[in-house]
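A, B, C, D and E are the chain letters, set down in written order, and residue numbers restart from 1 in every chain.
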Amino acid sequence: MAAMISIQNVYKVFGVNAKQGLEMVLQSCDKRKVLEATGCSVGLTNVSLDIEEGEIFVVMGLSGSGKSTLIRHINRLIEPSAGAIKIRGKDVLKMGDAELRKLRQTTVSMVFQSFGLLPHWNVIDNAAYGLFVSGLSKKAARAQAMPWLEKVGLADYANKYPDELSGGMRQRVGLARALTVNAEVLLMDEAFSALDPLIRHDMQDLLLELQRSLKKTIVFVTHDLDEAIRIGARIAILRDGELVQVGTPQDILQRPANDYVRRFVDKRGNTEVSQPSAEVAHA
Amino acid sequence: MAAMISIQNVYKVFGVNAKQGLEMVLQSCDKRKVLEATGCSVGLTNVSLDIEEGEIFVVMGLSGSGKSTLIRHINRLIEPSAGAIKIRGKDVLKMGDAELRKLRQTTVSMVFQSFGLLPHWNVIDNAAYGLFVSGLSKKAARAQAMPWLEKVGLADYANKYPDELSGGMRQRVGLARALTVNAEVLLMDEAFSALDPLIRHDMQDLLLELQRSLKKTIVFVTHDLDEAIRIGARIAILRDGELVQVGTPQDILQRPANDYVRRFVDKRGNTEVSQPSAEVAHA
Amino acid sequence: QTKPAWCAADKPVKFAGITWESGQFYTELARFFVENGFGCKTEIVPGSTAVTETALVSNDLQVWMEQWGGRTDIIRKGKEAGKVDLVGSLLKDGTVEGWYVPEYVVKGDAKRNIKAVAPDLKSVADLPKYKDLFKDDEDPSKGRFLNCPTGWDCEKNNNQKMKAYKLNATYTNFKPGTGGALDATIASAVERGRPILFYYWSPAGLMGKYKFVQLQEPAFNEACWKTIFGSTTDEACGSATPSTNLSVGVSTPFKKDAPEVIKFLSALQMSGDQLNPIIAEMGEKKTPAADMAKKFVANNKAIWSTWVPASMVAQIEAKAK
Amino acid sequence: MDTSVFLKISFADALNAWIESIVVNYGDFLHEVSAFLLQTLLVPIEKFLIAAPPVAVLAFIGVVAWFGLRRVGLTVAFVASLYFIGCLGLWEKTMQTLAIMLVSIILCLIAGLPIGILMARHRWLSRVLTPVLDVMQTFPMFVYMLPAVMLFSIGKVPAVIATLIYSLPPLIRLTELGIRQVDAEVREAATSFGASTWQILLWVQLPLARPSIMAGINQTTMMALAMVVVASMIGARGLGEDILHGLTNLDFGKGAHAGVAVVILAIVIDRISQSYGLTARQRAALSKKGG
Amino acid sequence: MDTSVFLKISFADALNAWIESIVVNYGDFLHEVSAFLLQTLLVPIEKFLIAAPPVAVLAFIGVVAWFGLRRVGLTVAFVASLYFIGCLGLWEKTMQTLAIMLVSIILCLIAGLPIGILMARHRWLSRVLTPVLDVMQTFPMFVYMLPAVMLFSIGKVPAVIATLIYSLPPLIRLTELGIRQVDAEVREAATSFGASTWQILLWVQLPLARPSIMAGINQTTMMALAMVVVASMIGARGLGEDILHGLTNLDFGKGAHAGVAVVILAIVIDRISQSYGLTARQRAALSKKGG
């Protein structure tokens, strides 16, 4: 059986001179050089990945290493500069408009790093948005969204507007919105980053529960190694758009592929002071 | 000597019927009741705090518990419904326009949870914004901002615009902007939430260094208990707008004031599954 | 030849810019003499009729050629207040105003293959019979009479005539708003060979361009005219519009300071036969009015030499070459 | 000034000849179209407004205003101002003007919104149509007014055409602007749930472009009402007649009466249409404030 | 229709008497003011434009356009269109119109931006001025045209006044709209660094309101150019004269020549002014694309 999500040799270069940039990348120039020479940011470099059905797949990496770019490719919010993306063996890039809409409505839903709520809709309507889209009546959609709002602890705020919420509350509205549609694949881009440890823990439980009982496939971007280890079946680590290592938490912790990964996982509970690393200086 | 920042019996109620809401709060109705009865969100309830010069003061609490609201009061981005805020003994609420501007330019600078970058300015100009405001020439300001951009690892992106950056990169621009002005007080609202462990660690070091060498006073909102313990001299814990406990990390860890705090700090490294708590369900 | 006091004070003589052809011609003709004969500086100030008339009353303009005996209230009020005066008589036989239909409506036009649709239409009294011919699109049960532009004296006169000729039951009194709209409607009908009933006047460019037939009205009658002109009575009785004097409007201060020019303007007169070909040429060949005026002066010394002092004739003649 | 550097070009005669040939060849047909529009659309609306008892019209407008505004005070003020127009003796003319304006504004909405939306969606269309809008707004209507009369007969039809040409562009432009300004992140998130183009349009783009679109509707209303006099210049009955009359007879008073009526009409139409553009949230805030 | 429900009210006579008294009492003074403005502002600009050799004017406009647009093709196209106006024999009249339009548009900018900014800042001012703007846009200028001529004498000054009254409102409205739409979070962050009202205005509000303000400038330009004919109706020389002439003599061709000149002028002024409103970023993107 084909993997649920299969990403094959994907490249992404942003910018006006993207073509030129891509050529440099293909000649394996590094991200920084490309930026200097063409003004293009390299998002992804030759990334290939298979994500199986029902697994929670965690993506980690430095800030700016291409995690959001990668996850956005899966539902084709970004067109790759080169490469192919397949969901259940179907090439997402070759889908027509209707097919792509269908995919997004039923198969893949997403939580955005910057929330992406509709500012003119109140919380319950935002949460029900995906159901509205799929053609459910307003009333039915709201009724279906309400339990999820309760799950994320925002039932009392159903009639408030996004600008009346705190950052973490907005994030939870985005979470509820993605969960309501009951899609098979969940793309979660730092979906818990604005949450406190208590709620975060509950949300992690919720995810694990979903994955266990409903066999959801979840692609989860996070910066929190504890979180990654707790929920991730496999963890991928990106660096400057390149995939550095993919493996079980065990693998990653015990057999880091290189120094970069080692330092990444070393930070766990590590509290001694260190000098800014070369990596950081031009991430 | 007076405390650097002194917050005295501050209440904040949001909404059209704020007056009515405040009355209910003063009669010690709880947040949820007020919301149901008046549609007002309670931001803060009778919060009093003293923050000393040169200390890193960490604020924690559930999502929506009033952390951002509290920190925004310090530089009077929000007017309290009741109470007083003093910086070095001076009442911020009684300041005239010019005095308040002076305070914000030189004494207090802030990193926003939602970044608040100027979308039409590039990274270096955003970083230099505070210096522009204080009247420095464009050239001088940019020159002064550049080292800070380097410190946060974005020197290569100086000419990019915010919409060309990843979430964490935007956050670091906000960080650089706040650091460039070299203010005595830094208000940091989940300033590291979008950063990966490596960069985050470096940034924590940077803060500690600043505090040590330049005696900066830092008010730091975070959800990461490790972070709080690592950098905080004292930690305050909020719940539904009320201050539940203030103390050294030691205090908090070993002598939690109540069950809520205990559960908050318990989560540290705790990976067993638990049911969503009552707290969470209507935070 | 001494300059008039007005011009000696170095003030320009400002003429109202008239937009129709005969008016433009008269204006340029007068300017030619005022500049070359009397040595004044002149200017033409454009504007809509109401605006330039208002400016004449307040002496912002000095000369308004081709005034239709005070067609509008502005000049009449100004005259009553002593701020303007009307002098001269530009057209020998005066003006003609009346109700018209295109010639082909009555006689047909063999060349364009148009049959005469109303061979018996002679006078306004025949109109009720032909109401379907002049059908009003907005109210197809009636005919349409195209009145004079809104607000002019002729519009009010025609309102009364509608009553006098008892046409209100069979015709709508359609006000075209502006002269241009009236012209366009007539031109469109004529180009398409359609019947149309309208008010018009002469001298006018359109009169030379197309052939119209004037409908007979009861002969001019002083008593009845009083029920038409300046009246709103319901008991109007019919009367043709009397011929009016085509005069020159001048501001009082100018009149006082340039009597020589006033004398010239009072003498300036042409006959319809002289004027009509000029208008026709302007319309067809789009010759600028100034060129036409110069050409006229060059070729018609006999006519204009009576307008100016003898001492000026040679000088004018020289400038016209 | 020496203008000898310029070549001599003129298309005036060719244009005149061309228009004449159009009049000759298509004039009859267009006159019939025009008569048809008159009979089926413009005249019935006008007749209805004039025939209805003023009290009924006032009451109807009051109800419409109240549903939009939900403020008693404003509604009363609007009805009172319209009553005031009646007191000036201009009721019938106002209804004539109102008929033309309603038709024009509604046609503007029907045409303007979709065009603006399409222009926001397709850059090439925007490139092609922007100069057309420029021409519509600046090519002086006094030039095409008379050809329009020759083609469509004098009266209401060319008046509506001229009003449309002149007052449509601001709505189109501001609709396009509003939609283009919609936050890309919100739009992306909305797309990610598989929304169709229509859903995105109705749920995201139009609501978020609302302030801009409402400004466009406001400008279109204002421009249309500013055309009242021009409409009367080509034979449309209504308030413009009185203004032309006042103009040629130095009777500002009469013109001012009609002018005041136009302004009242403009403000009432604008405020009512704007009120129907309020969001649920704004409406709730309003009804909480004003009792 | 029964209009007996209406009381009889008329302020016409009172108004006429009032205007007359104003003319008698202040007419001379205002005429002098008007003459002063003419002599110091309008006439010199016009004289300069007319006296300058057309080639110099064309070259100057070309340079200005190039600095704004940075596109050779467009610049050439604009200069060529202006040259084309000269070929139509309308150079002098175009310069006369240009003089009035430049003055009007610049005065609009000087007045409109600050008023719009203040209206965005103060709700009460917005409440007070919005109806005034409505009146400015819809009260028919044909009503106040004659009083204006009586007060300020015939010619350029009342023409500029009428143009200002009519074309100022869109700029004010869209400036207000743009500033009100600025994201509250960005504004808050900008404030938090102690920026003064001016700094917020210049660095945050105006740049972020830019698209809306530029649309306002565009509309103001369009409206001003749409007033060319009216300006000539009240005695300003220029392209409007030819249009009026075409109107009374059924000579569309002549009117169309002038109309084309007006459109070209409008587009050139608009595109150049818009190009100076581009951001550094847009400019960079442009110069990368178009060589």
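Just so we're on the same page, a residue touches a chain if its C-beta (ideal position, glycine included) is under 8 Å from a C-beta of that chain, and two chains touch if they have at least 3 such contacts.
Per UniProt, the chains are A, B = Quaternary amine transport ATP-binding protein; D, E = ABC transporter permease subunit.
Computed from a predicted model, the values in this text were never measured in an experiment.
Asker: Looking at C-E and C-D, which pair shares more C-beta contacts?
Answerer: Higher C-beta contact count between the two pairs: C-D.
Asker: Suppose chain centres are the mean of their C-alpha atoms. Which chain sits farthest from chain A?
Answerer: Checked the centroid distances; the maximum from chain A is C.
Asker: Measuring centre to centre with CA averages, how many angstrom lie between chain B and chain C?
Answerer: Their C-alpha centroids are separated by 83 Å.
Asker: Taking each chain's centre as the mean of its CA atoms, how far is chain B from chain D in angstrom?
Answerer: 51
Asker: When the C-alpha atoms of chain B and chain E are each averaged to a single point, how far apart are the two points in Å?
Answerer: Taking the mean C-alpha position of each chain, the two centres sit 48 Å apart.
Asker: On chain A, where are the residues touching two or more other chains?
Answerer: Each of 114 in chain A touches at least two other chains.
Asker: Could you pull out the residues of chain D that touch at least 2 other chains?
Answerer: Touching at least two other chains: 12, 145-147, 240, 244, 246-247, 250-251.
Asker: Please output the residue numbers of chain C that touch at least 2 other chains, ranges allowed.
Answerer: 48, 50, 54, 178, 180, 183-184, 187, 286
Asker: Enumerate the contact residues on chain C facing chain D in the complex.
Answerer: 48-50, 54, 72-74, 77, 137-140, 146, 149-152, 174-178, 180-181, 183-185, 187-188, 191-192, 194, 286
Asker: Considering the complex alone, what residue numbers of chain E touch chain B?
Answerer: Answer in residue numbers: 185-186, 188-196, 199, 203-204, 207-208, 210, 279, 281.
Asker: What residues of chain D sit close enough to touch chain C in their complex?
Answerer: 12, 20, 23-24, 27-28, 31, 34-35, 38-39, 43, 145-147, 149-151, 153-156, 232-237, 240-241, 244-251
Asker: Using the touch rule from the top, collect the residues of chain D that touch chain E in their complex.
Answerer: Spelled out, the residues of chain D in touch with chain E are 1-3, 5-16, 19, 50-55, 83-84, 86-89, 91-92, 131, 134-135, 137-140, 142-147, 166, 169-170, 173-174, 177, 180-181, 211-212, 215, 218-219, 222-223, 225-226, 228-229, 240, 243-244, 246-247, 250-260, 262-263, 266-267, 270.
Asker: Enumerate the contact residues on chain C facing chain E in the complex.
Answerer: For this pair, the touching residues of chain C are 17, 19-21, 45-48, 50-52, 54-55, 58, 60-61, 178-180, 183-184, 187, 205-206, 283, 286.
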